[in-house]
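The next part holds the structures, each set out as structure tokens.
In the two complexes below, chain A is the common chain; its partner is chain B in one and chain C in the other.
On to the complex of A and B.
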């Protein structure tokens, strides 16, 4: 089968299809719904639910990229996001005028992203010296160090209270914190990051990275520098996380140590794992579920007679169930369901039989 | 020891010099210029003692962690929750019976039994799946943290030691000389010294158990090659359960100690999980002497940091971790 499909004629046939045809129908549908969303959704839904979903999705996407394609589960993604947010608050405008330098956005934003990437690269350089479960521990320790450092340091990071009044620039005369504008802003960056990850995963770099994940020795023997690929993956993931961090800072208009604490760091892992590390879309699915739970769990818990404070319990139990029964998250469940539908009841085999 | 000196002459000299300076600083009466430079000797000695005793506590938590990791290769990120559970159980026992000493066996048994359940129902089902185990333990720690918050609320509990242990104890370290020529000796809380002595006993006992008994032989063989050990007919699952119970129980005991030193409160689980992570990374995964060394280093760094550079105390411990990782990724006592 596979041999026949890959003949030049077949490839030509694929190439000849127009761009329109080559994009799956689901993309058109989801894209259309997301684009027209502001016409019928309330500002709360746009700003709080979808804005937040896209932001957390971008940060979880950076973890998905590292974990899914690189095989490195990092708990420091929220830390990179937080560092970008802090740098934005320090170089750009904020209400803490004695620290913030109030530089224009076209300097502050690239600088914040560059520093986040630098931070991510250094962390990666440190983390790739070990593998597997050690990576989780080391990145967790780095996340904790960042949290405590920002909480203790008052000269640069303004300690416990952090920065407030970190607002996006009024570019093109638009208030980017308005619900519709912010929705499109986050949608734009989420889409860009999503396709960037998808593109990169199919590029030579992404394929080599997946090769390193599957068999580091063989890739090294083939002449690839495994560690360089891993560090580069950290750098790219930090860029994604940095973008998410800047948007997150704008959304809440503030950044404080709690934003990048240990709890949020673990939440990002929960989001990525619930969604599934197989495909970039998992990060956004996970983020959507998380945001919905976080927003409405309170009412739901109160409705069944529990105190709203038990939200963590709900999230934790959900996470446990997912990890226990479907290590690939929602995407894994989806794949299982699709396989079971494609089963031939006579032969009782999955769709992967020849 | 001899081999270390032969292989690293420079490091040996440096370590020797540091130890000599430290010993001099501990026993000598400080000259004025030193007092002017870094403050009074009493402060220094207190930081040293606090650091060492805190190291003892960290060792209790981290040794269980490293033992479990060394044998079963699973990172139990719920270890901090076990610590906190031990603290609460210890508090309840001590509060109900009025006997402080009873808190230790109670915490050990309850948390150890919980560890057995974890091993049987969680870890055995996903043997060899590192990442999944880690994720599951994160989930368990989230759930446990919230359940404990539900049960005991956000209050701080303090386990108070009995009469005969409370109060200061006169030590033989000179802190200063009075104008009359009389020597002033340092006073230090008795309970911390006793607990430190107990943690040394636990450490030595563990070392003996691992290196001098048949069970220890089984465990060490399991650390080196699990499959081969089970092929020789050893009942490895039983060993796993026993080690997990013991490691968890140690975490529970450490919780009681921590509750006596400081307090039992939500959030302590994360703190001690992080502390044991850093201790184990610094000392070397799966190594008991490494855990002892790492715990001592981290405890001292934390205490000296909080006395001499209060703003960056917490960062200092992580800095140690980063330096160790950069130059010796397997940890100070770890094997390649």
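On to the complex of A and C.
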């Protein structure tokens, strides 16, 4: 019996089956609901709520990757996203025909992503020489510089008004800004980025990055160039942010300095922290909460008879409450709840249980 | 210089040069001299013990050799190559390894993952985005090292659940990853029970003959059973060098070891 079970084919069969079984039920459920969403959700929900959630989730995921696995908090992720959006508008089509080159999508998109990665790599190269608050300061400075540069430069970035009419290509005859098509487009990229990060976290590169986070000196003594790993992490995170930035530009059909300003840069940090940095799913949970608050806070305030202009207050309060109760964000709350539910109250009482 | 010439230089260096050569190495922390004018020569395959009281500069010596600190003056040659200015990871990639006095392990990972990480560190797969396949050669090497340090039964145990002695054994396995040429053991026997010490001596004596090492050890019994030569350090200087038996019988050494810190 043991001999039969140990043949490679038998082991293969066991592993293949367990791979199928190992995917938790929650994944099947969430996957199913997300796939059939367009059958019952309104265009507003698809395009504005979920489309936006997936996009901000991807950008926050790039920060989760840097912060959660690499221990580096960067405020420049929105800047990388914005730079990809700008490059897309410059190389691809837009309403500003004086500047936009109107190159086809299969050149403009890869070029935009490559330049965002280059930008991220250079930023990482600067930032990895520092740690903690100094990394935040350097990346904040880069975010601020990008914002003011794009606002004041008219020859390339078209200054204050930026670019409008930046539309996705009509690939396969589909209007990708239609609510259902855009929903599936963003869902596809969010899913791809999510599983890429999850997969990468257990690859040699991901393990080494977590090793550098936990003990840089030890990793050097194992032959790893800690700074090179950090810079590579910035490059990968910039690729994620770039994908998010292109989708964001298509969603609003425009890109302007405000898209990648200091406010949005901080919003990405807020999203990542609300969701929790311990798992990639946190970025999307955070983004969903942020989008819901941002969309409905105004209505909620008006409904209870307050001035709608104070909706930022409600967002701030929501952020405060979550961080106050769980510094690890929603994922931290979830872990706490699961731990407390798993405890057997009888056994917890100590030695006097029968 | 082009690449092939460099490789042959290095190969010939391996044949003729000393494994480790320190010339006039000093390390100052401000005005404090942690190491002063250290000269050590270790032949390939030689096993050397470094003895000395606390604060003699033994661990600082290791830190200078591995590049954790840069030496203030002097130069360090590893198999003929001057590594004095190299960052730590470059020295490690040339076949130098070390263990730490206080275990520095990745406590959230399993025993095998810790060793796997050490194997990957000196391979070309450091930046690989692909997860290891089941027949991955580095994974097989990691499994093999698990056996070498007698941790077979705890292969998948999280490091935080290992006993202290097992963590010390894991430290050794991580130093053995990727075919090292020379290893620095920083007090591997500290805090071990007599049984664990015997196991440690077995592991060290079971290493392949070409693998030289320096071991820092307070326990004379362990040091004498695993080393063929001894260097005594005191106050950042080399105080005596010789065969274990000579050192043991040296009256100055006895005075130093038994009579406190006035020697």
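Please note the rule applied: the second predicted complex is superposed on the first by the 329 of 354 C-alpha atoms of A that agree within 3 Å, B and C clash if a C-alpha of one lies under 4 Å from a C-alpha of the other, contacts with A are read in each partner's own complex, and residues count from 1 in each chain.
Operating definition for what follows: a contact is a pair of C-beta atoms (placed from the backbone, for glycine too) under 8 Å apart; a residue touches a chain by one contact, two chains touch by 3 or more.
Because the structure is predicted, anything quoted here is derived from the model rather than measured.
K.L.:
Consider chain A as the common anchor and indicate whether chain B and chain C clash or fit when overlaid.
P.N.:
Aligned on chain A, chain C fits beside chain B.
K.L.:
Once the structures are superposed on A, label A:298 by its partner contacts, choosing first (chain B), second (chain C), both or neither.
P.N.:
In the superposed model, A:298 contacts neither chain B nor chain C.
K.L.:
Consider the C-alpha centres of chain B and chain C from the C-alpha centre of chain A, and write down the angle between them to the nearest 10 degrees.
P.N.:
Nearest-10 rounding gives 80 degrees.
K.L.:
Who does A:41 touch here: chain B (first), chain C (second), both, or neither?
P.N.:
In the superposed model, A:41 contacts neither chain B nor chain C.
K.L.:
In the three-chain superposition, say which chain, chain B or chain C, touches more residues of chain A.
P.N.:
B
K.L.:
Please indicate which partner A:204 is in contact with in the superposed arrangement: first for chain B, second for chain C, both, or neither.
P.N.:
second
K.L.:
Just to be sure I read the superposition right, which of the two partners does A:232 touch: chain B = first, chain C = second, or both, or neither?
P.N.:
Second partner only, chain C.
K.L.:
Please work out whether A:214 is in contact with chain B alone, chain C alone, both, or neither, and reply first, second, both or neither.
P.N.:
second
K.L.:
Which holds for A:224: it touches chain B only (first), chain C only (second), both, or neither?
P.N.:
So A:224 only meets chain C here.
K.L.:
Please give the least Cα distance, whole angstrom, that chain B and chain C reach in the superposed model.
P.N.:
Between chain B and chain C, the shortest C-alpha distance works out to 13 Å.
K.L.:
Looking at the complex, which residues from chain A come into contact with chain B?
P.N.:
Of all residues in chain A, those touching chain B are 73, 126, 129-130, 132-134, 136-138, 140-142, 144-145, 148-149, 152-154, 262, 266, 269-270, 273, 309-310, 312-313, 315-317, 319-320, 323-324, 327.
K.L.:
Which chain B residues qualify as touching chain A in the complex?
P.N.:
The touching residues are 73-75, 77, 129-132, 134-136, 138-140, 142-143, 145-147, 149-150, 270, 274, 277-278, 280-281, 285, 311-315, 318, 321-322, 325-326, 329.
K.L.:
In their complex, what parts of chain A are in touch with chain C?
P.N.:
Touch residues, chain A against chain C: 199-200, 202-205, 207-208, 210-211, 214-215, 217-226, 228-229, 232.
K.L.:
Provide the residue numbers of chain C that touch chain A in the complex, in ascending order.
P.N.:
66-68, 87-89, 92-93, 97-98, 100, 104-106, 108-109, 113, 116-118, 120-122, 125-132, 174, 177-178
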